[in-house]
Amino acid sequence: MSPTPARNRPIGRVALVVKNSTAAANAAADLENHLRQKGLDVVVDEPQVDETCPPDRSRVHPLPSEVDLVVVLGGDGTLLYAARTFGRQGIPLLGVNLGGLGFLTETSLENLYPMLEKVLAGDFVTESRMMLAAEVHRNGRPVTHHHVLNDVVINKGALARILTFSVKVDDTNLTWYRADGLILSTPTGSTAYNLAAGGPIVYPTHESIALTPICPFTLSNRPLILPQTAVIEIGLEPGATDALLTSDGQVSCPLLPEDRVVIRRAEHSIVLIKNPYKNYFDILRTKLGWG
Amino acid sequence: MSPTPARNRPIGRVALVVKNSTAAANAAADLENHLRQKGLDVVVDEPQVDETCPPDRSRVHPLPSEVDLVVVLGGDGTLLYAARTFGRQGIPLLGVNLGGLGFLTETSLENLYPMLEKVLAGDFVTESRMMLAAEVHRNGRPVTHHHVLNDVVINKGALARILTFSVKVDDTNLTWYRADGLILSTPTGSTAYNLAAGGPIVYPTHESIALTPICPFTLSNRPLILPQTAVIEIGLEPGATDALLTSDGQVSCPLLPEDRVVIRRAEHSIVLIKNPYKNYFDILRTKLGWG
Amino acid sequence: MSPTPARNRPIGRVALVVKNSTAAANAAADLENHLRQKGLDVVVDEPQVDETCPPDRSRVHPLPSEVDLVVVLGGDGTLLYAARTFGRQGIPLLGVNLGGLGFLTETSLENLYPMLEKVLAGDFVTESRMMLAAEVHRNGRPVTHHHVLNDVVINKGALARILTFSVKVDDTNLTWYRADGLILSTPTGSTAYNLAAGGPIVYPTHESIALTPICPFTLSNRPLILPQTAVIEIGLEPGATDALLTSDGQVSCPLLPEDRVVIRRAEHSIVLIKNPYKNYFDILRTKLGWG
Amino acid sequence: MSPTPARNRPIGRVALVVKNSTAAANAAADLENHLRQKGLDVVVDEPQVDETCPPDRSRVHPLPSEVDLVVVLGGDGTLLYAARTFGRQGIPLLGVNLGGLGFLTETSLENLYPMLEKVLAGDFVTESRMMLAAEVHRNGRPVTHHHVLNDVVINKGALARILTFSVKVDDTNLTWYRADGLILSTPTGSTAYNLAAGGPIVYPTHESIALTPICPFTLSNRPLILPQTAVIEIGLEPGATDALLTSDGQVSCPLLPEDRVVIRRAEHSIVLIKNPYKNYFDILRTKLGWG
């Protein structure tokens, strides 16, 4: 369970992903100055509240492969956005929280500059975190494609009381569920919605997919941990209306009754820069109020 | 825990509440003939799918106090509708299921006629079940009023990921919740949505109000059993959008950010005619697959 | 849910129940001096670690009805002992915690003396809390009798993996359980072992009996809230060995295979002196780490 | 998730592990005749109820490496015994249930002979299942060593109410628990005690270790899925008495206060012969009563 030493590529261009708040904007301005004074190139991005569905591929991000580091200033929510948007390129992400410790934003603002020194000097370790890819199939062809770091949720909309859907794993029938919804979670996402819905904590680098029904009608429909290689196909019952696909709790797309959602491990993992002074269990104890 | 002997009023007029299905319509036609041949007056009602919100008081039901018996042909869902619509007048309800045993529709179609003989002869026992009344207060005045036999749910709509709301009990702060929603359940409703959300089974005549958060963010926010006298006031956080009030899983009304929902025991209970051959524990074992 | 004003009997004799710890002994010595200087009669009791099973009725407590107040110095565990031992006589109990807030020991050491002034002046409110009585029947006759404020637990001993037992409520079969054990809890005990085993929080004055199986084999064997009038009879399967009856987590008695355990509301409730500055929800939020 | 084709070694000698019941003994007698008529060598073993603690290595099993197949006649409990006793040698196990379908004994008695034809002809597939190894360290040296297919449980004995223990994973502090006990489960064991205690179902070939506390005092102490490589070290609090180590729910050893228990993936996996007509999800749906 030891982290991976990072690739040893010199850092020339840094992207800042900044939460939409005054505190984050101020911290970003300081950081931008600091980095420019060091002769680094800086680009700034702010998460878009109104992400379109399906994701608008034409939205231009000035972040091609020449970005060498992404610094996230915000909370876990901002990092989820950054991971979905830039995480696929293998660029290391450094998560900085502006308030309390996050599961993903392990570095506090006061430790940012000492930490950054080390990162710029190449003295850091990273950890790979698997992502999930979700595809909606409509009339026989994929209509949208999402990557998530935490979870994909199929849930009922405002008016539905309960959803009925069938699940196949690797082309084998698992079962059908009657529930408020279904969460497919990465290990990273296991401490988010999955935990609130009764799922277990999964060690973040232990690759697997947690399938957790939300308020299932059948009480023995317990959370299920599947191999990371599993291909999960979810079908809504014919005539089902008012279902949604939600990615990382941030982007929701309406589903049509005949849609099929296929979820599998994404091809690429994100690369998180680790705080050398915090291990996962420290974070768990703090965030969950243990002992 | 013994049932109440019924009032001994002769039965002259019977209302049939009939599920919208061919099987139910056929059973209702037979039953209507049968009752008319016995010289009884019969009125037939079919649940309206598109119940308005707030409930439309002008919708005329030909069911004033002169109805002496309500026979429900359908399932628990149909009986919930009947209880909300006619239950307040103290008229005994006889629930007949057309398929599997229901928690509320204890009598099977094949036992309907023998059972009916007894009921018409005044030879039956009944059980009172408390209901809840929910009022939405907007700009200082009540804008809608619901009665439910199972539960009142405040939940998030399609787009919200999580709701934040504060709860007061008898004017004392309980806590604030971050959750998908909150269920306020009668004992009767305890085996419905409450159970799926992690709440306990409450013996149906043990009057109390179960307050069960749905997927709460704080893991120690466990279900809470309150006295039946409790007055529960729920406030949404300022700026909250996309919340709904749902009654018995059948009628949903949008809530506005500043709304306050007040929930208490309804003044009137419904009166269920008991199947003398089934006690509550029999039903529990069958429905939950015990033993 | 407002507390009961206490009986207005002048306090002449005070019993101190003192946890077996240096801090408690010191606090007790100070308190004893203080009370004697006020001209009050004081008796001191220390919980016996090795309570016998069945309880030894011959153990002499110098606490007949002429004791007017019991002050408990310790934690909730000490108060449970005091409630079992002296609570049946309707004498008000004042619970003083020596460390963190307790569910039952609401008064801190630093508030003890101001609180005591009020209590001695008759200026206090009390709250009744129901207790449970458990009787073990062996060969047709009762062999032991326990009163508890929190819970009665039937559980497996060291060697058994799982117990099988049948439960009747008011002479009606409920079901049989395969589980590690079964908890019968008062509302007061609902936040103790019951909560750890998945049971709900029950408002402390809402009289009822929670029946919560411990790690049941059948996943739908969920906690059940019964009326306070319920008489619960538990039978072990023939041949069952290695089962125990545990009272308030403090006294354990071995059960024999043919034993039947009968549990019902005790005739007498205990009388707790309330801290006027803390309501139940304050305590709940603090103890469970809410909000 | 496709099963592994078995090694293609001709079968000359078969061991029968037979549950201690008349039905199993009868089935074994028939099977023994059948196999001998085919010219195969047969040895018969019956699980020992009184397994010693620590396991008695001197107990002679006539089952050296020349046994080519183990047929288990009984239920999952008998197969657990067979796996602990013979599973380490890589000999394929065929589990035959004498009553209902088992998670491990997938073949019914009526399908035994057709199935056996195929197995003897080398026409079968197998599945590897990881086991756990548990070592008790006392005064600095290992005193006992257990292999399990389902789970290792550290739990409280008859008299203790709650245990306090610390857990390290790979030499890093995880946390300390106050609980009735702790379950360390393989994927195979995830549907056994782990599930009753609130743990998730883990796909049986997805190697991992589930750490599930039993009735933890801290409600956020949720089940944790660890990598199969994790080395888990459990220490009891100084002075703790009355704790036990239980292997597969079948063998219990008392622990002393200063003992440390080290649990890790066992070196060897067992080899199960798969019923070609049943996949894992079929078994799950049947055993848990889904849909």
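A, B, C and D are the chain letters, set down in written order, and residue numbers restart from 1 in every chain.
By definition in this document, a contact is a pair of C-beta atoms (placed from the backbone, for glycine too) under 8 Å apart; a residue touches a chain by one contact, two chains touch by 3 or more.
Computed from a predicted model, the values in this text were never measured in an experiment.
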(message) Among A-B, B-C or A-C, where does the A-D interface recur, judging by over half of the contact pairs matching in residue number?
(response) B-C
(message) C-D versus B-D: which interface comes out with more C-beta contact pairs?
(response) C-D
(request) Express in whole angstrom the distance between the two chain centres, defined as the mean CA positions of subunit B and subunit C. (result) 36
(request) Calculate how many whole Å lie between the centre of subunit C and the centre of subunit D, each centre taken as the average of the chain's C-alpha atoms. (result) 40
(request) Please report how many Å separate the Cα centroid of subunit B from that of subunit D, as a whole number. (result) 47
(message) Going by the contact rule already set, what residues in subunit C reach two or more other chains?
(response) 195, 219-220, 222, 288-289
(message) Is the chain-to-chain touch network here best called a line, a ring, a star, complete, or other?
(response) complete
(request) Within their complex, state which residues of subunit D touch subunit B. (result) 219-220, 222, 289
(message) For a test of understanding, state which residues of subunit C touch subunit D in their complex under the given definition.
(response) 157-159, 161-162, 179-180, 193, 195-198, 214-217, 219, 242, 244, 246, 249-250, 252, 254, 288
(request) Provide the residue numbers of subunit A that touch subunit D in the complex, in ascending order. (result) 1, 169-170, 172-176, 190, 195, 199-203, 205-206, 208, 210, 212, 218, 220-227, 229-230, 279, 281, 284-285, 288-291
